[in-house]
Structure formats: C-alpha cells, structure tokens
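Same chain, two partners: subunit A is paired with subunit B first, then with subunit C.
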Partner chain A sequence: MSALDILIILLRVAFGAFVPLSFVAVLVWMERRGAAFFQDRAGPNRCNVYGIRAGGLIQNLADGIKLIFKEDIVPGHIQHKLYFILAPMLVFITALLCFAVIPFADVLVLGDREYVMQAVPMDVGILWFLAVVGFGVYGIILAGWSSHNKYGVLGGLRAAAQVISYEIPMGLSLVSLLAVYGTVDLSAIAQYQGQLLFGFIPAWGFVLQPLGVIIFIVAAFAETNRTPFDLAEGESEIVAGYHVEYSSMKFALFFMGEYVAMFVSSALIVTLYFGSYQIPWLSTETLVAHARPVVILLMIGLPVIAYFFAGWIKKNNRTHYYRADDPRSRETAIYVSLLWSLVVVLEVILLIYLIFAAGGAADRILVLLLQIGSFLIKTFLMCFVYVWVRWTLPRFRYDQLQKIGWEKMLPLALLNIFITGAIIVSFS
Partner chain B sequence: MSIKVRVVERKGRTFLEQLYLVEVVKGMTVTLGHFFRNLLDNSRLYVRHYPEVKPEISPRWRGRHRLTRHEDGSVKCVACFMCQTNCPSNCIMIEAGERFDGRSEKMPVKFDIDLLECIYCGYCVEACPMDAIRMDTGIFSVTSNSRESLLIGLEQLMETPGGFSEVDYHKGGG
Partner chain C sequence: MLATYLFFGLALLAVLGALGLILFKHPMNGAMSFVVTLISLAGLYALLSAKLIFAIQLIVYAGAIMSLILFIIMFLNIQERDLPIDSNRWFYLAGGIIVVAPIAGLMIKIAKSLPEEHPELIDGFGDVKTVGHLLFTEWLLPFEIVSILLLVALVGAVVLAGKRGVN
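== the complex of A and B ==
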C-alpha cells in the first residue's frame, strides 16, 4: 500500500465523518433562519463574537457551550442505566454510519489506480443503508423504554410503529428503482445517472421513477421522524416523547442525530433520484477532457457570483433603526473584504493550475472537487426542502399517518413496481 | 316552530384534495414566497427590534403603578383602603397614619405593592376616590434579579412620573 493509498483512505474517512458533523451546524442554522424567514421573523441575529455574527452561525456556538455545561442528569428512577446511556449513542452512530456508503464523487483515476469515493468502499450500497437506518429506531425505542416514563414509552412506540409502516413503501419504491438501475452499488447507481436519456435529458432517478421519487421522499421524511411525521416527539401531545428524560449532551446527541439523519437521507435522496454528484450534461469524461474551458468559465463566473453576493450582504446586513456608529456596517465591510480575498485566492489557484498543472492528474482532482461541490450543493438544497416542509405542514394525526402509509403509499408502491416491471420487460 | 337549517358545504373531499400532494405543493409555494421575500430584503420582516425599538404604549395601557401628588408634592392618597379591599390578588398593603397638613385626616405611612402578586387588572385605579393611584407610568417590563426589589414602597411609587400628559390620560388615548 503506497503513501497515496493511505492518504486517500484517510481523506475519504475524514470526509465521511466530518462533513455530516459540520453540516449539523449548518442545518441547525438553516432551520432557525429558515423558520424565521418562512414566518416573517428575523431569526438569530444577536449572538456575536467581537461584533461578528456570521449570519447567526455564532448562535450554534452558544448553544453548544450551553449544552456542554448543563448538568447531565440520570434520573433516580431509571433501572437500566446502560440502556439509558446507550440509546442516544445508538441514534447518533447509526445516523453517521449510513453516510459511509454514499459516494460523493466519481471514481478517482490516478495513474493506474482507481479509488472509489465513498468513506467505506463497499458494493452492498443501499442494503447497508436499509440495515443501518432500520437499526437507528432501536435507539429511539430504547430511549423511550429505559426512561421509565409514560410519555417516553408512547414516543418510542409511535416511532416504532411509524418506522415499520414506512419502511415497507420505502423498500418497495427502492425495488422498482433497483430494477431500473440493475445494481445495489451506490457508486454504480451514480455513474448510471451520468448518462443522457434520448440524448438530451439527464437520466436522473426522478425522471425514470416519477412516482417512486414521491413515495421515497415521503417515506424518508417519516424515517427521519421529521415534520409532518414527527409524532414520536409530538410536543403538544406527549411533551417531548422519547427524549423527555434526557438532558445536557445526551439530549444534544439526539438532537445532532436527528440532523445527521436528515443530512444522510437528503444525501441518499440526491444519490438515488437527483443525479448524485453528476453535473447535468457534463459527465466525468467530458469534464476531464475539457478541463481548461471549464476552469476559464469558473474564473469568469466566480467574481460575478461574488459581486452579487456582496451586494446582497450590503443590502441586508444593516440595522433597521437609528444607531449611532452602526457596528453592522463595520461587520459588512469585514464580510465583503473576506469574500473578495477568498475570490482572489481561488483565482490565483486556478491561474496556477492553468499555467503549470493542466492535463494529467490535476484535471482528475479538479473534476473530483467540482463533483464534491455539486453533491454538497444538491444535498444542501434537499435539506432545505426538509426545513421548508417542516415550517409549512402541520403534524399528521396518528391514525392519518398509519392510513397514508398502509392504504395509500403501499398500493402505490406496488403499482409502481408493476408499471416499472412492465416497461423494463417490454423494452429489453 | 321552524328550525332554520343551513347546509354547510363540506370542503376537502374532492379527489385532488384527498391526494394531499397538490394541496401540499400549494401551501409550500405560499411559504416559499414569504421566504424569498424576506431573504432578498430583510427590511420587509414584520419585526420590531425590541430592546432598541420600544413599542408605542397607549395611555389606557395598564403599566406599573404610581401614586399621584398634589402641587406641593404631598401624596394624594388618604389611606381609605379602597384599593386594598378591591384588590383581587391582595398585593397592596397599606398602613395608615395621621395627617397634619390639613388636607385630610389620614395618609399612608406605608404603601407596599408586591409586583409579583399583582395581576395588573386596574381595579385599584377604578376604586380610588382621590385619583391617587394610577397605572399610567408606561412601564411594561417589570423585571428584577431579586424578589425583594419587586416589593415597591411609598417612595418608589411617588417618585415615578406619569408616562403621559394629563390631557391624554383623561382622553384615554387616541
């Protein structure tokens, strides 16, 4: 094993472990700001370090510090302390493990070696996801049961019943999808979506499976216990459900686990239905072959995007009432100069690439970075859909939830399998 | 005797509405409109930046209490105990003493209001025959770090000026 192999393994594992974790901060921020803007409020805008508020991201820091320094209580009535402590870990770890099999860029070819861009290069793909994500609900059930609290048990029960009823339509919608792709390996699925349908439509999953994508997204929402299917928490009915007895970092683990699960299921939806890391109409080979024009386009596009972004910052980052010597205008100046220096650094790097390194391995790495960017942007947008739905739709009643799962989604998923099967058989 | 029967049309039972998805998409378009409106220009938020920008308070608003005074600065209160008797939460505690300035026979030597007990109903103001207690200070945020400091006495009640002009107060606000 060469040094390069070890380096790439380290980078892959680091990506698989730290990107979901850093996305927790981004998602909590997005949830707060999104909620506020959907409801015509301002969101977190006071918390700052020396006047720098980073658009509200500093609030997460304050939250983290608060949760760490809170008293970590294990209530005296709890008989199974091991299970009580194990439950939040289980929720968090299973959520994080799911991301291990999701490819975030195309296979990297360096010389004669090929590197699969997954944290754990396995070809079981989607089966691993189904196995691990189903295990995550054990954490919730365990938490509800070991809390020895009736609200906790009710929350755990609801979560269990909900996951059972929604895993079936989810699995069935996957069956028809896998029949289309003909593989369970997520890397192969992602590569399949780089093709063009009829020569001009990207062959993304949602084009091939229009019914399946709806069923899968709805089931994925239920799977992550997000609104409108967050009956396991149901504040208005059962206080906080399964995490009612938890405090401090144990609660934080549940909280982070929820957001990691949201990130991972968005990543999976993107991988299966929205073209994974693929940039539409530009397959990996096209990008590698035309690396120089792509770089020149990037060098032109970056300042334009930065110009509009800086204009948006200047317009919105100011105080809306009279304030002597407005600190926010100072803050805006710092943001704008940071933005432009970032653009300058990127331009210099791209210029150096154009002059010295174009062609060969550098092209491959450039395409890798572009695809990672495309994957993260798509996942970010999918996470936004999660936030968007949460602040639009009210929670379902429990019987409605079961009714939709069993009476609507299950027959639809079965119908989808028949239609897909008929089309595949008639065209092959 | 005829009963008027009005048949209310049931909504939400058509096929498209039963499908949920169409309605979900409609709702999501509305919220997305709000999101982008606020994202592109956050001066359009329906928000008052509270600690810096104070809300406008009408003279009718029942804020923290005060005791009014005569022109010479002596207290108007004659310790008749009307407010204390009327108070539904028993938050007023008056101790009466003799008055020597010729205005009346009695005056309060102690007039305590427990702001933690007070429910700001304004019955004391209505009961007062001398217009001695008013809730027109415009103080709406009664907060403190200790319980003791929220038991306010005669001096504090007399010190606080009214938040509005006499004319506005009697008009009861625009």
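== the complex of A and C ==
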C-alpha cells in the first residue's frame, strides 16, 4: 500500500465517523429552530460566548456541557447492569455504523488507481444497512427491559414492535428498487442515477419508483422512531419510554443516536431515491471535462451568494428597538467579516487552482469536493423534512400505527413489486 | 496471518457463546450469548469470502430471529423463577451426548479429510449475483421446496392465531 492509499483510507473513515457526529449538533440546532419556526416563536437565542450566539448553535455547546457534568446514575433496582450500560452504546454505535456503506462521492480515479468513496468499501451495500438496523433494535429492547420500569418496558415493547413491523414494508419497497437498479451495491446505485431518462430527466429513484419512495420514507420515519411514529417515547402517556431511567451521557447517547439515525436514514433516502451525490444533468465525466468553466462559475457565484447572505444577516440580526451601543450589530459585523474572509480564501484557492493545478488529478479532486457538497446539501434538506414532519403532524395511536404498517403499506409494497416487475419484464 | 488469528478468535467466541446459551440460567443471558455465537459465525462466513451469506446471517439470524426471541422474553417477562425445575437434566445431558457422539465422530472425520492446499476462488465468489444465479438454476427445486415449507409455517401460524381469537 502506498502512502496515498493509506491517506485516502484514513480520510474516508474520518468522513464516515465525524460527519454524522458533527451533523448531530447541526440537527439538534435545526430541530430547535425548526420547532420555533413552525410554532411562530424565536427558539434558543440567548446562549453566547462573548456575545457570539451563532444563530443558537452555542445552545448545543451548553447542553453538551450540562449532559457531561450531570451525575451518572445507575438506579439501585437494576439487576442487569451490563445490559443497562450496553443498551445506549448499541443504539449509538449501530446508528453510526450504518453510514459506513453510504457513498458520498463518485469513485475517485487518481492515476491508475480507483478509490471507492465509502467509509468501508463493501459491495453488500444495502444488506449491511438492513443488518445493522436490525441490531439497533437490541439496544432499544435491552434498554426497556433492563430499566425494570413499567414505562421503560412499555416503551421498549412499542419501539421494538414498531421497528420490526416496519422493516417489512421497507424491505419490500427495497426489493422493487433493487430490481430497477439490478444491484445491491450503493456505489453502483449512485452511478446508475447519473444517467438521464429519455435524455432530459435525471434517472433518480423517485422518478423510477414513485410509490416505492413514499413507502420507504414512511418506513424510514418509523424505523428512526420519529414523530408521527414516536409513541415509544410518548411523553404524555409513558414519560419517556425506554430511556426513562437513563441520565447524563447515557441519555445523551440515546439522544445523539436518534439524530445520527435520522442523518443516516436521510443519507440513505438521498442515496436510493434522490440521486445520491449526483448533481442533476452534470455527470462526473461532464464535470471533469469542463472543470475550468465550472470553477469560473463558482468564482462568480460565491460573492453573489455571500452578498445576499450578508444582507440577510444584517437585516435580521439586530435589536428591533432602540438600544444604545447595540451588541447585536457588533455580532453582525463579526459574522459578515467572517463570511467575506471565507469567500476571499475560497476565491484565492480557486484562483491558484485555475493558474497552477487545472487538469489531471486536481480536476478529479475538485469534482469530488463538489459531489460531497451536493450529497451533504441533499441530506441536510432531507433532514429538514424530518423536522418539518415532526412539528407538523400529531402522533399516531398505537393500533393506527400497526394498521398502517400491516394493512396499508405491506399490500402497497407488494403491489409495487408486481407493477415494477411487469414493467421491467415488458420493456427490457 | 491475520485471517488465522481472526478465525481462532471468532471460533472461540462462537463456542463460548454456545456454551453460555446452555449454561446461563436467565433466559436473557442465554439469548444474548447466542447472539454472540451468531455474530461470530457471520464473521467466519466473511472470512470464507461468502459475502451474501455473511449479510444474510446478520439480517435473518442475528437481526430478525434473535430480536424476536428477545422481544418475547421481554414481553412475557420470563424470570429465573418461572423456569420449570428439571431434576433429570443430567440424565438428559448424558442421553444427548450419546446421541450426538456419532455425529461428532463424523465431523472429526470430515475435518481430517479436508485438503491441505487452498483452491483458487472463482471470480465473483459469494457475490449476490453468483449465489442468486446458482440458486435459481442448479438449486431451483430445493429452493422452491424450502419456500413452500416456510409458507406452510406462515399459514399455520395465522391459523393458530385465528383460532385463539374466535374463542
């Protein structure tokens, strides 16, 4: 193995491990600000470090510090302490492991070597995801059971029954999708979606499987135990469900596990149905061939976007009444100067690229970065859909939840398999 | 060399898990140690380059079946005191050993007759496509028979559940 091989392996694994973790902070922030937005209030906006509030992100830091320094209690009535401690770890680790097989950019060609851009380049792809999601159920069952608490057991039962039931429509909607793509390897699935349908529509999963995408997204919501399927937590009836006995970082692991799971399932929905890292109408080869015009467009586009963004910050980030020596205008000035210095740095890097490095390997790396950006933006938007649904829909009743799973989604998924099969056989 | 160490580690874990399954009193401990066995077996399949079998072992056995068993242990809240007292278990154990001994002899014989040299892997060995192709061409009849068996079990479960609902 050359030094480059080792470097790329390290970078891939680092991406697979740290991106979901840093998205936890972003998603917690998005959840709070999103909730505030939907309920027409301000959301967390007071925590600050020297007057810098970062739009509420500092609140996460405060929460993290709070959770770390809380007393870590293992209640005295718990008989199986090993399972009690193992459960949050399982929930968190399985959520993180799912991301290992999701490709975040096209295969990187450097010289005569090809590097698959997944944390773990494994061609069982989606099967790995299904396997690891199955293990997440252990964490929930063990947490509920070992808590030795009525609410905990009820929450664990609900969550486990729900995850097991919704794995079936999820698996069936995957069957028809895999029949379309003809592979289980997520990298190959992502490459397939770079094609154009009839020459002008990007062949993304949601175009090819309009019914499958709805079934899959609903099942994915249920798998992550999010509203409208969050009766495992059901504060109003069973307090907090399976994590009622947990405190401090053990609770934080459940909490972070939920957001990692939400990020990973958004990433999977994007990979399977919304073109993965593909930028519509611009395939990897097109981008590599036209790297220079793309860079020039970026160099023009960045200041324009930054101008409007800075204007938006200036308009919103100020005190809306008279206040002598307004601390918020000082904060705004810092943000705007940070934004512009970021733009200047990017412009300089792009300029150096244009003058010295254009052509060859640098083009490939530029396309790689663009595709990672496209993947993260799509995943971010999908995560917003999760928040959007959570603060719009009320919770289902338990019998309604099981009825939807078994009596509506299962037959629909089966119907989808038959229709897909008929279309594939008759048109190929 | 790494593969050899991994093999010994996984084999040891698999045997320990199986021992735990029969020696632990509490059903939850037994089930969890069986999960360890199933995961180590999946690891052994991966060492044999059988990727599809590895994934299926994890999804079906370690994932679906064992989580259902854990679910049932939790649902019925089985504790040690609920278990029947089997006073003749040493008798059953001895009987079991006598019944299994010939099979163990057979296994040892098979292990001794294994070839020393490693055959080359064919292209795409253990892939989803290769296994699927074999399954639906050469092994179609056994595959269909197993599917019908599973269907019978499914229908049987529904009929039994339905009967209880009527009463």
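Assume the second predicted complex is superposed on the first by the 427 of 428 C-alpha atoms of A that agree within 3 Å, B and C clash if a C-alpha of one lies under 4 Å from a C-alpha of the other, contacts with A are read in each partner's own complex, and residues count from 1 in each chain.
Heads up, the rule we're going with is that a residue touches a chain if its C-beta (ideal position, glycine included) is under 8 Å from a C-beta of that chain, and two chains touch if they have at least 3 such contacts.
Note that the structure is a prediction, hence the values are computed from the model and not measured.
K.L.:
If you stack the two complexes on chain A, which partner ends up touching A:184: first (subunit B), second (subunit C), both, or neither?
P.N.:
Second partner only.
K.L.:
By residue count, which of the two partners contacts subunit A more extensively, subunit B or subunit C?
P.N.:
C
K.L.:
With the two structures laid over each other on chain A, which partner does A:160 touch: subunit B (first), subunit C (second), both, or neither?
P.N.:
second
K.L.:
Please indicate which partner A:123 is in contact with in the superposed arrangement: first for subunit B, second for subunit C, both, or neither.
P.N.:
In the superposed model, A:123 contacts subunit C only, not subunit B.
K.L.:
Does subunit B (first) or subunit C (second) touch A:34, or do both, or does neither?
P.N.:
first
K.L.:
Quick check on the superposed pair: does A:291 touch subunit B, subunit C, both, or neither? Answer first, second, both or neither.
P.N.:
So A:291 meets neither subunit B nor subunit C here.
K.L.:
With the two complexes superposed on chain A, say which partner A:83 touches: subunit B (first), subunit C (second), both, or neither.
P.N.:
In the superposed model, A:83 contacts subunit C only, not subunit B.
K.L.:
Give the list of subunit A residues in touch with subunit B in this complex.
P.N.:
Interface residues on subunit A, with respect to subunit B: 34, 36-42, 214, 312, 315-316, 319-321, 323, 388-389, 391-393, 404.
K.L.:
Across the complex, what residues on subunit B touch subunit A?
P.N.:
20-21, 24, 27-28, 30-32, 34-35, 38-43, 45-47, 49, 52-53
K.L.:
Which stretch or stretches of subunit C touch subunit A in the complex?
P.N.:
Within the complex, subunit C touches subunit A at residues 28, 32, 35, 51-52, 54-56, 58-59, 62-64, 67-68, 70-71, 73-75, 77, 127-128.
K.L.:
Residues of subunit A touching subunit C in their complex?
P.N.:
Listed in rising order, the residues of subunit A that touch subunit C are 80, 83, 122-124, 127-128, 130-135, 137-138, 141-142, 144-145, 153, 156-157, 160-161, 164, 167, 183-184.
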